[in-house]
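Chain nomenclature is as follows: A, B, C and D, assigned in order of appearance, with residue numbering initiated at 1 for each chain independently.
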Amino acid sequence: MLHFESDYMAGAHPEVLQRLIETNLEQTVGYGADEYTARARALIREACGAPEARVHFLVGGTQTNATVIDGLLARHEGVLAAESGHISVHEAGAIEASGHKVLTLPQHEGKVRAEDVARYIDDFYRDETYEHMVAPGMLYISFPTEYGTLYSLAELEALSQVCHKAKIPLYIDGARLGYALGAEGCDVTLRDIARLADLFYIGGTKVGALFGEAVVVTNPSLLPHFFPLVKQHGALLAKGRLLGVQFEALFSDGLYERIGRKATSLALRLKEGFERLGYRSVVDSPTNQQFFLLPNEVVDRLKPHAGFEYWGPRGERESTVRFVTSWNTTDNDITALLQLLEQK
Amino acid sequence: MLHFESDYMAGAHPEVLQRLIETNLEQTVGYGADEYTARARALIREACGAPEARVHFLVGGTQTNATVIDGLLARHEGVLAAESGHISVHEAGAIEASGHKVLTLPQHEGKVRAEDVARYIDDFYRDETYEHMVAPGMLYISFPTEYGTLYSLAELEALSQVCHKAKIPLYIDGARLGYALGAEGCDVTLRDIARLADLFYIGGTKVGALFGEAVVVTNPSLLPHFFPLVKQHGALLAKGRLLGVQFEALFSDGLYERIGRKATSLALRLKEGFERLGYRSVVDSPTNQQFFLLPNEVVDRLKPHAGFEYWGPRGERESTVRFVTSWNTTDNDITALLQLLEQK
Amino acid sequence: MLHFESDYMAGAHPEVLQRLIETNLEQTVGYGADEYTARARALIREACGAPEARVHFLVGGTQTNATVIDGLLARHEGVLAAESGHISVHEAGAIEASGHKVLTLPQHEGKVRAEDVARYIDDFYRDETYEHMVAPGMLYISFPTEYGTLYSLAELEALSQVCHKAKIPLYIDGARLGYALGAEGCDVTLRDIARLADLFYIGGTKVGALFGEAVVVTNPSLLPHFFPLVKQHGALLAKGRLLGVQFEALFSDGLYERIGRKATSLALRLKEGFERLGYRSVVDSPTNQQFFLLPNEVVDRLKPHAGFEYWGPRGERESTVRFVTSWNTTDNDITALLQLLEQK
Amino acid sequence: MLHFESDYMAGAHPEVLQRLIETNLEQTVGYGADEYTARARALIREACGAPEARVHFLVGGTQTNATVIDGLLARHEGVLAAESGHISVHEAGAIEASGHKVLTLPQHEGKVRAEDVARYIDDFYRDETYEHMVAPGMLYISFPTEYGTLYSLAELEALSQVCHKAKIPLYIDGARLGYALGAEGCDVTLRDIARLADLFYIGGTKVGALFGEAVVVTNPSLLPHFFPLVKQHGALLAKGRLLGVQFEALFSDGLYERIGRKATSLALRLKEGFERLGYRSVVDSPTNQQFFLLPNEVVDRLKPHAGFEYWGPRGERESTVRFVTSWNTTDNDITALLQLLEQK
C-alpha cells in the first residue's frame, strides 16, 4: 500500500529519532529549561538571522495557534484570516474558545491580498459604529497555505507593510514551512520570514519531528508572560527537552532544508507525472500538497493500492483529490504510484 | 550527580522507547484512529475490568485536567478540590481560563474527607442565596496526592458514595497512579479506581512514557463530544498513535505495575535510610515522593552531589526537602545517596 | 429637529413610566422574585398561548443574546446566523467572548433560507473531518431582521421544521418584535412565534420600555440553571421588579400591540411619501425601519432639520439612508419630514 | 410591615425619579454619548477632585466588577480579594467565567490588611515555580465591606502604597460607597478614594438610583478600549442617558451625600436602640448594615412585623441577623422597629 494521505503518518525522521534514543536516559530539568532546548533556540535564531528573537517550543499546531493568538489579542480584538485559513475552518473553535472572533477575508488559492487587508481595516475604522464590532487585532496567514500555494516575497512584503502601517502584528502559521522554503521557485527565505513577520512558527510535526512547533517572536514587544499562557493552553510539555532535542536535530546539518527540498521535488515529480498522463492540477502548488481532478474510475482504481485524500466530486464524472509527500516519501513510491496510474 | 528532583527528568522506559523505535517508520492514520491506539484502549479496559469504559489519550496532565473539567461542568458549576490540589495551585489558572472556579476544601496530608465534601454540598444548598454562588459540580482528588499520600479503599468508597448521593462525578487525577498502585500497603487496585470513580486518568508522563495520559471514563453519560473539546484544548496529538504505542507497551507484560513497584520500593528504602540516620519524614508517604526535615548543613552538604527539591525553611536551622524516585532510579542511586548522607 | 435615527432615543412610553412612578416607593424583594414580575410572566404566557413557558427578564439585547446562546450551546457547538445577523456583526464579539463561533449563512434581505440551513447541516455531517470543525448547535434569526424585513409564516414553519429535524433549537431575536407583529401584512402572530421557536425574546428597550427584554422558553428542556448564568453574564438586575412592572404595563390593555401598529403605520406613511416623491426604497420593509436611496444633495438638505442614519454611498451621487419610527413618533413628525423633502 | 432586608428594595430617590420623568420624552443619542451623561461625568470628576479621570456608567455591580476586572487583568493574572469579598463568594462565578482566578486573602471584619497583601506578593515571586501559578494582578477591596466596616484613611494609604510598590492596580468596589462617606467617624473622603485607588466605582443601585454604577478611572493607563469590553460583558445600556440623568441628579445639590448621611444616622440610631435593649452587635459597623445577635424568640417575634436578613444560628438559642437602612428608611421606621423590640 502506498501512502499519500498526509504528512503526519509516520514517526520521526531517523536523524531526529536517533538523537531521542541517544539522550533518552539522560536526566534534565523540565519545562524547557534544559541545555538541549537552549541549543535548539540558538540554532533557530541563527537560521533566522534574528539573534534577539525569542523562541518557544510547543507541542502541536492548533495548540500553537490558539495560544499565540490568545496572547496577541486584546479582549476587543479578533484575528484576520483567509476564509480558507486553518483557524477559520479546522480548529474546532479553539480560537473562539479563548474568546476571539476570526474575521475572514476572501481567499485566492488560499492566499489573502494586501489590498483586502488594507480595505478591511480602513472600512472598519471609517464605520462610526466600529466600537460595536470586533476590531482587527492581527493578521494570520499560513505559508504554505492550506492549498499548498506560496506567497511571493513581494506579496509578503506588501502584507507586512499593511500590518505595520495598521500597527497590528503579522503572524505566519508555518506548520509546513519546510515544504515552502524547499520548494522550487520559492523566492522567500527563512530570514525573510523572520524579517517580515512579527512572529511565526516553524512546524516540526509535519516536517520530520514526532511532534513540536517552534514559535519565533522577532517583535520584542509581543507575548510577554508567555510561559503561563502556554501552560494555561495545555501546551507546556513536562519533558520539554524532547522538543529541544528534536529541533536541535532538525536544525543541524541542514536537516530541515533537506527534508523540505526532497519532499517537494518528489511532489513535483508526482505532479509532472499526473499532468503527463493528462490529469489536471486543480491548484498550482509547488509544495508537498498536490491537488488533481481525476475521473471517478481512476479514483476507484487507485484506492485499493494507494492512500490519498478525497476532497469531493466535481460534476458527475470527476473528483478532486489530494496527494501529499513528506520526508518519508521515496522515489519508488512515486514511480509505483505513476505506474498504477498508467495501467489500463 | 544523583537525581531525585522529580519523576519526569528522563525520557521513556526502555521497553516503551523500543516500541516507538520499532514502529517509527510505519504509516498510520492520525488523531488516534489507528490500531495501536485501539489495542492500548483494549488493554486498559481489561486492566480496569471495565469492558464498557471509553478511553481517551491526551498529552499532558494540566491539559488533561483542564479538558476533562471543562467537559464535565456546566457554566454555573465549579470543581471541588483540596486547597493543596494541583488544580488549585499549580495549573497557572488553566481551570479558570476555561471559565470554572475551583472550590477549595481543607486538606489533611493532601487528602479531602468525605464528611467535608458532604458538608460543603449540604451548606451550599441550605443557603437561600445559593444561586448567586458557584455550585459544586464535581469532585477532583489526586491519587496519590501532591504529598505522596494515599486514600484507603474505605476512604475512596466514602468519597464515591458522597459524590453519587449528590449526583456529582468523582474524578481522580492519576498523574502518578502507578506509584500508588505499586506502593506497599496500598489496599486499592486499578479495578477499585475504575469502579469507584466516574472517570480518572492513568498518568504516563511520570510513569515510563515520554508523555501521555489515558483518560478512562466509566460513567457512560459523561463527556459526550469529547473529541472536539480535546482539540479545542490543544490536547489532540496529530500522530495520535504515539500515545497508543506507548500505552500498549505500558500495559503489556505488567510494565506499568513493575515500574510502580520498583520505584516505590526504592523510595521506601530511601525513607528507611533517612530515618535510620535520624532524619524525620514530614509526611507519611508510601509512594515515590518522600519529604524530610533536614538540618541546613546537611542540605548544603548534599546539594553539590544530589538533586532534590527544596520546599522551604522550617525554623532557623532546618528545611523541608522532597526526594522523588521513578522508573529510572536504581539501587545504586539509593546506596550512593545514603552514603552521602552518612558522611561527616 | 426631527428624530428618525433609531427607536431607542426616548425614555419609556407614558403608560409604562406611569406604572414605574406609581410603584416607585413600594418595597419588594430583589432579583425578580416579586409579584410584579410574577404577573408580567403570567401575562406574557397568556399572550403567547404557552401556559407552560418559562419567562426570564433581562436588561438589554446584546446581553440577552450572549446569555441565551451561552446557555444553549455545548462547548463544541456554534450558532448559525445570517451573515448580516446582529450577533455576526454588531455585538462586539460578545458571543465569541463566551467561547462560541458564529457560523454564518447567506442572507437575503436579512433573512436566512430553510434550505441553506438544511444544506449547511447536511454538508457538515457529511464531511469526514467534521469533529475538527465547529458543530451547528442552534439557529439564530431576528424577527424583524436587521433590514426590517419579515419572515412569512410559511418561512418560519420551514425553518422550525429544519431545526427540529436536526434537533437544534430555533431562537428568535425579537428586539423589535412589536414592530413585526404590528406590521401590515404580517401573517405571523405571537402565538405562532411561541409555537415555532424553541425560545425567543420579546424586546422592550425599543418597544416602549426604558429597558428590558423578556426571554420566553417554550421548549422545557432548554436553559436549566439559567439564573446563575444570567448573573454571570451581568444580566441580573438587583431591582428586578423594574422589569416586571414595565412588562406588566406593556402587556396590559394591548399596549405592546398598540405601539407596534402605530409605529409601523407611520413608517408606511413615511415610505409612501418618499416613494410618491420619487425616492426608491432599498429594501421592501413593512416595519419601523425604512431604507431609501437619496441624492446626496437631498441628504445634505435634510440633515440640519432631521436626524436619520447614513448607511453609505451608492455610486457618486446617491447614498443609502435609514429612517426609523417608534412608539414616540407622531403624525406631525411624518408630515414635517415629507414637507422638508418636498421643498426645493 | 417594616423593611430592613436590604438597600435595593425600593425604586429611585424622588429627586432622581423626578429628573427621569422630566427628561422622559426627550430624544438623545444612545450608548452614553448624550449631554446628560457628559454633565454627570463632569460633576463626578469635580466631586472626586480628579479633572482628568475617565468616568464610565454601567448598569449593575456584578457586571461592573466582572467587566473592570476582565479589563485590568492579563490572561495569566488573578485578582486578590478578601475571602469574604463579594467577588469571592456571591458573584456566581462571573469573574472566573471571564477566565480569572480570585486569589483570596484572610479577612478581618471584611477587611484585608496591607501586610497580608505584601506578604502574598512577596511569597509568590519568591517561589521558583511562580510561573506555574496565577500571578496577583490587582487588588480588589470593597468600601464599605460586605460586613459594613470601613477602612481608615491610614489603612487605605497603606494598601495603596503596597499596590503601587507592586505595580498592581487598587480597585475599590463602592456599591455602597455613599453609606461609607456619610458614616459618622469615617475619615475618608471621595477625593481620598480618587487619590488612593487606581479606579473604583460609585454605587448608584443601592444609593438612590433605579440602577447604575459609575466607574471612575484615575490612572490614565488603565482600561483602554473599555467601550467594546463593556458591550461584550452585556453592560452597555442602549438608552445610556438614563444613567447620565440619574447620576447628574445624585451629584446635584449634594444628594449623594445627603442620602449617605441620613441612612447611616438612622442605622446608628437603630444600633444604639438594639444595644440599649441589651442586644449585642456582631460587627462594629458604622454604616447602613447592622449585624446583631438576637435570641431566637426575639427573631420569631419580629418576623411577622419586620423584614430583615437571617444570617444563621449562633449556638442553640441565638441567631445572627442583619438590618439594613437606605435612603428610603424613615425615623418612624426605626421608632416602630425599636418599639417592636421592646414589647414583651
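We adopt the following convention: a contact is a pair of C-beta atoms (placed from the backbone, for glycine too) under 8 Å apart; a residue touches a chain by one contact, two chains touch by 3 or more.
This structure is a prediction, so every number in the text was calculated from the model and none was measured.
The chain with its C-alpha centre at the largest distance from the centre of chain D is A. When the C-beta pairs in contact are tallied for A-B and for A-D, the bigger tally goes to A-B. Spacing of chain B relative to chain D, judged by their CA centroids, is 42 angstrom. Centroids built from CA atoms put chain B at 34 Å from chain A.
The distance from the centre of chain A to the centre of chain D, with each centre set as the mean of the Cα atoms, comes to 51 Å.
Each of residues 75-76, 91-93, 97-99, 131-132, 134, 228-229, 231-232 in chain D touches at least two other chains. Partner chain D is touched in their complex by these residues of chain A: 70-71, 74-76, 99, 131-132, 134-135, 225, 227-229, 231-232.
On chain C, the positions that touch chain D within their shared complex are 3, 5-6, 8-12, 14, 17, 20-21, 23-30, 59-63, 66-67, 91-94, 97-98, 205-206, 210-211, 228, 231-239, 242, 328. The touching residues of chain A, when paired with chain C in their complex, are 75-76, 78, 89-93, 96-102, 129, 131-134.
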